[in-house]
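I have a structure here, written as C-alpha cells, and I will follow up with some questions on it.
When the chains are written out, they are named A, B, C and D in that same order, and each has its own residue count from 1.
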Amino acid sequence: MADQRPLSLVSICGSLRKGSLNAAVQRALPELAPAGVTIQPLFGIADMPLYNADIQAEGFPKSVTDMAESIRRADGLIFVSPEYNYSIPGVLKNAIDWLSRLKDQPFAGKPVLIQSASQGALGGGRMQYHLRQVMVFVEALVFNRPEVMVAAAQNKVDGDLKLTDTATRDLIQQQLAAFETFAREASGK
Amino acid sequence: MADQRPLSLVSICGSLRKGSLNAAVQRALPELAPAGVTIQPLFGIADMPLYNADIQAEGFPKSVTDMAESIRRADGLIFVSPEYNYSIPGVLKNAIDWLSRLKDQPFAGKPVLIQSASQGALGGGRMQYHLRQVMVFVEALVFNRPEVMVAAAQNKVDGDLKLTDTATRDLIQQQLAAFETFAREASGK
Amino acid sequence: MADQRPLSLVSICGSLRKGSLNAAVQRALPELAPAGVTIQPLFGIADMPLYNADIQAEGFPKSVTDMAESIRRADGLIFVSPEYNYSIPGVLKNAIDWLSRLKDQPFAGKPVLIQSASQGALGGGRMQYHLRQVMVFVEALVFNRPEVMVAAAQNKVDGDLKLTDTATRDLIQQQLAAFETFAREASGK
Amino acid sequence: MADQRPLSLVSICGSLRKGSLNAAVQRALPELAPAGVTIQPLFGIADMPLYNADIQAEGFPKSVTDMAESIRRADGLIFVSPEYNYSIPGVLKNAIDWLSRLKDQPFAGKPVLIQSASQGALGGGRMQYHLRQVMVFVEALVFNRPEVMVAAAQNKVDGDLKLTDTATRDLIQQQLAAFETFAREASGK
C-alpha cells in the first residue's frame, strides 16, 4: 500500500455550539484516520443565511461556494452531527440545501460517511437515516457499515471535550479504515 | 353544530421565497376552511438565527418566543412546506429546532396537519414522513388522511400565484373539514 | 377513576420463535398494566399465508378475519416486535397487509402502542418509525412518547424468559399508564 | 465497449398476484436492458415460509438457499415491488429476512436497483426509501438516480399486461443504462 496516493477527506459538524459532543468526535478524526488519510474540518455552515431562492437568484453566498469547492476537491466527506427532534439539525440541512443548488453540485458521486453522537441511548441514529435519504437525491455514495452512533456521548469525553472512550475510538478507527477502502474504490485512487 | 366554538388554527410555510407555490397553498387555506374555522399565517421563521445552544443560553430570540405563543394559543397548526433534497427544508427544521427547546414546548399535544406542494411528481411526500417523525419527538398529534401532496403545483396556480386547480381545492377543503373534527376531538372543543 | 369502564387491549408479537425476547416483553404486559386495563395476546400471524391478492379474491383466511375481529373489539392495540434488517419483520408486515385489505379495516381510528426489544443497542428503534409510517396509511392513532425500545434485551430477562429488569419494567408501566389515558380519550371511554 | 464482459442481473418482484403491475414491469426489463446485459427473474419468494428462527435452526428452506445462490452469482439485483401500506410488502420483506440470515449473506456488496409501480400518484415511492434502509443493514450498494416509480401503472400497460407506456419505457431504459455503469464499477467488470 506504500505507493497509494494520499486520501484527502473533509468533515462537517452539524452542531454550532462550542461545547458540542459531535465537534469532539470531529476533532478526534484526524488522529484515528489510517496512515495516508487526512481529514480537514470545514466550518462554514454557521455563516450561511437561511436558504431562500430569492437570495440565491442574486448570487450564492461566499460561505456556500467556498464550502462547495472544498468538498469538490476532497476525496470524501464525513458528516458528524447530532440528532435534533429525531431528524437532521436544521442548521446542517440548511447548508445542504444551499450546496445542493449549485450547478456543479458538490455531493454528486462523492463518497460520504455519516457519524453521530448524542446524550441519549440511540446515539443520533434517527438523524442518520434521514440524512441517508437526503444523500440519495444529491447522488452521493454513502458508506454502509459499521455505523458510528455514539450514545451517552457525555460520558465518553474528558473535561477538555476530548474523545477518550476506547471502545468508541476503536470503532471509529475501524470505520475510517473501511471507509478509506470504499472511497478509494469509488474514486479509483 | 351551530353552537360549536370557533376553531382557531395557524399555518407555517416552509419556503421563504416570494413566489413560493407552498405560500400559494397557504394563502388559499382561509377560504377553503369550514365555517367557524379561522387559519392565520405565521411568518417568523425567516427571522430566526441558525439554531445554536450558545445563543439559546443567552435567551431565546423574540421571533421564537412570539411564534411559540401564537402556536400555544391556536387550536391546531398547519405546516405547508416544500420538500428540499427529499426531506424537510433546513429553514423550517431550524424553526422547529428552536421552538422545541422552549420550556413550555408549543407542539406538545397540538393537533397538526401537514401539506406540501412541489413541481415534481410526488408533491413533497418524502418531506411529510420526515416531518411526521419529528412530530413524534415533540409529541404533537398529527392528522393522518387524506394527505395533501400537490404535485406539479406550478400548473395549479394562476399568474398571480392563486391556487386555482379545482381538484386540489376540493381535496384541501375535504382535508380541512376532517382536520376540524380531529382537532375538536383532541382539544375537547 | 373508580367508575371508569375497564379498558380492553390486545397485543401482537412480531416474532414467531419460541425463545423470542419480544414475546417475553409481551407476556409481561398484563402484570404491568394499570388497574382496570386488560391486555390479551393475539397469536394468529403465524397462520396467515403470504399475502396474495389472488388468494384474497377467493376469500380471506380465517386467521385474518379472526384477528381483525379481535382488534375491532379492543380499545387499543399494542405491537411488540423485533427489528429485522432495520425495518418491520416480514411476518408482521404480512399480517398487517392482510388485515388492511378488509372492508371494515380494523386499524382505522384504533389507538396503537409500539414497543420493541432487540439484542442490539438501539432496541429496535428503526422498526418503530417504519411501523409508524404504515399506521398512517391504515389511519391508526399511534401513541407518541415515552417510547419503549428495550436494548440488550437478552440481559433483561431471566432463564425462563421472564422480563426482570426493573428499569425496563418501570418504563413500560409508565408508558402503559400514559397509553391508557390516550386510548380513553380517543375512544371516549 | 465491445470487449466488455456480459453483465448478468437478476430481478425479484414483490407481488405474488398473477395480474401484478410490478410483474409487468419486471417482464419488460430484459428488452429494455442495454446490449450485453441480461436480466433473469427469480420466483422463489412465494415458496418461503414465514420467517421463524426455530425453522432456521433446523435448516434453511431450499427456496431460500436457491435464491441466495442465484443472487450471489449475479452481478446485480433489481427489486420491482409494489408499496403495501406505505412500506415494503410483507412477502418481499419476509424473503429478505430469510436471505439475510445466511452465513454467506447474498446482498453484501451487491449492486442493487429499486423500481416500483402502483395505481396511486406516488408510484410506490414510500416503499423505496424503506427498502433502501433495509439495504444498509445487509450492506448492499443501492443505485441512486434516476429513480423509477411508475404512478397510475394500470394506465401504462395493455390488456395483456405488457408495459407499453413510452415515457416509462424510456425512463427504465435510461435507468438500466446508468445502473450498468454503476454495477460494472462496483464489480470491477
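Simple rule for what comes next: a contact is a pair of C-beta atoms (placed from the backbone, for glycine too) under 8 Å apart; a residue touches a chain by one contact, two chains touch by 3 or more.
Please read these numbers as outputs of a predicted model, since none were measured by experiment.
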Fill in: Equivalent of A-D within the choices B-D, B-C or A-B, defined by over half of its residue contact pairs recurring
B-C
Practice prompt. Please work out which of C-D and A-C is bridged by more C-beta pairs in contact, and write that pair.
Written response: C-D
Worksheet item: Using CA atom averages as chain centres, what separation in Å is found between subunit A and subunit C?
Response: 36
Practice prompt. Determine the centre-to-centre distance between subunit B and subunit C, using the mean Cα coordinates as centres, and give it in whole Å.
Written response: 31
Fill in: Distance from the mean Cα position of subunit D to that of subunit C, given in whole angstrom
30
Response to the item:
In subunit C, the residues touching two or more other chains are 86, 126, 129, 133, 136-137
Discussion item. Residue numbers of subunit C touching subunit B in their complex, please.
Written reply: 129, 132-133, 136-137, 139-141, 144-145
Discussion item. Taking the touch rule as given, give the residues of subunit C at its contact with subunit A in the complex, in rising order.
Written reply: 86, 121-123, 125-126, 129, 149, 151
Fill in: Complex contacts: residues of subunit A adjacent to subunit B
15-19, 45-46, 48, 50-54, 84-97, 100, 126, 130, 133-134, 136-138
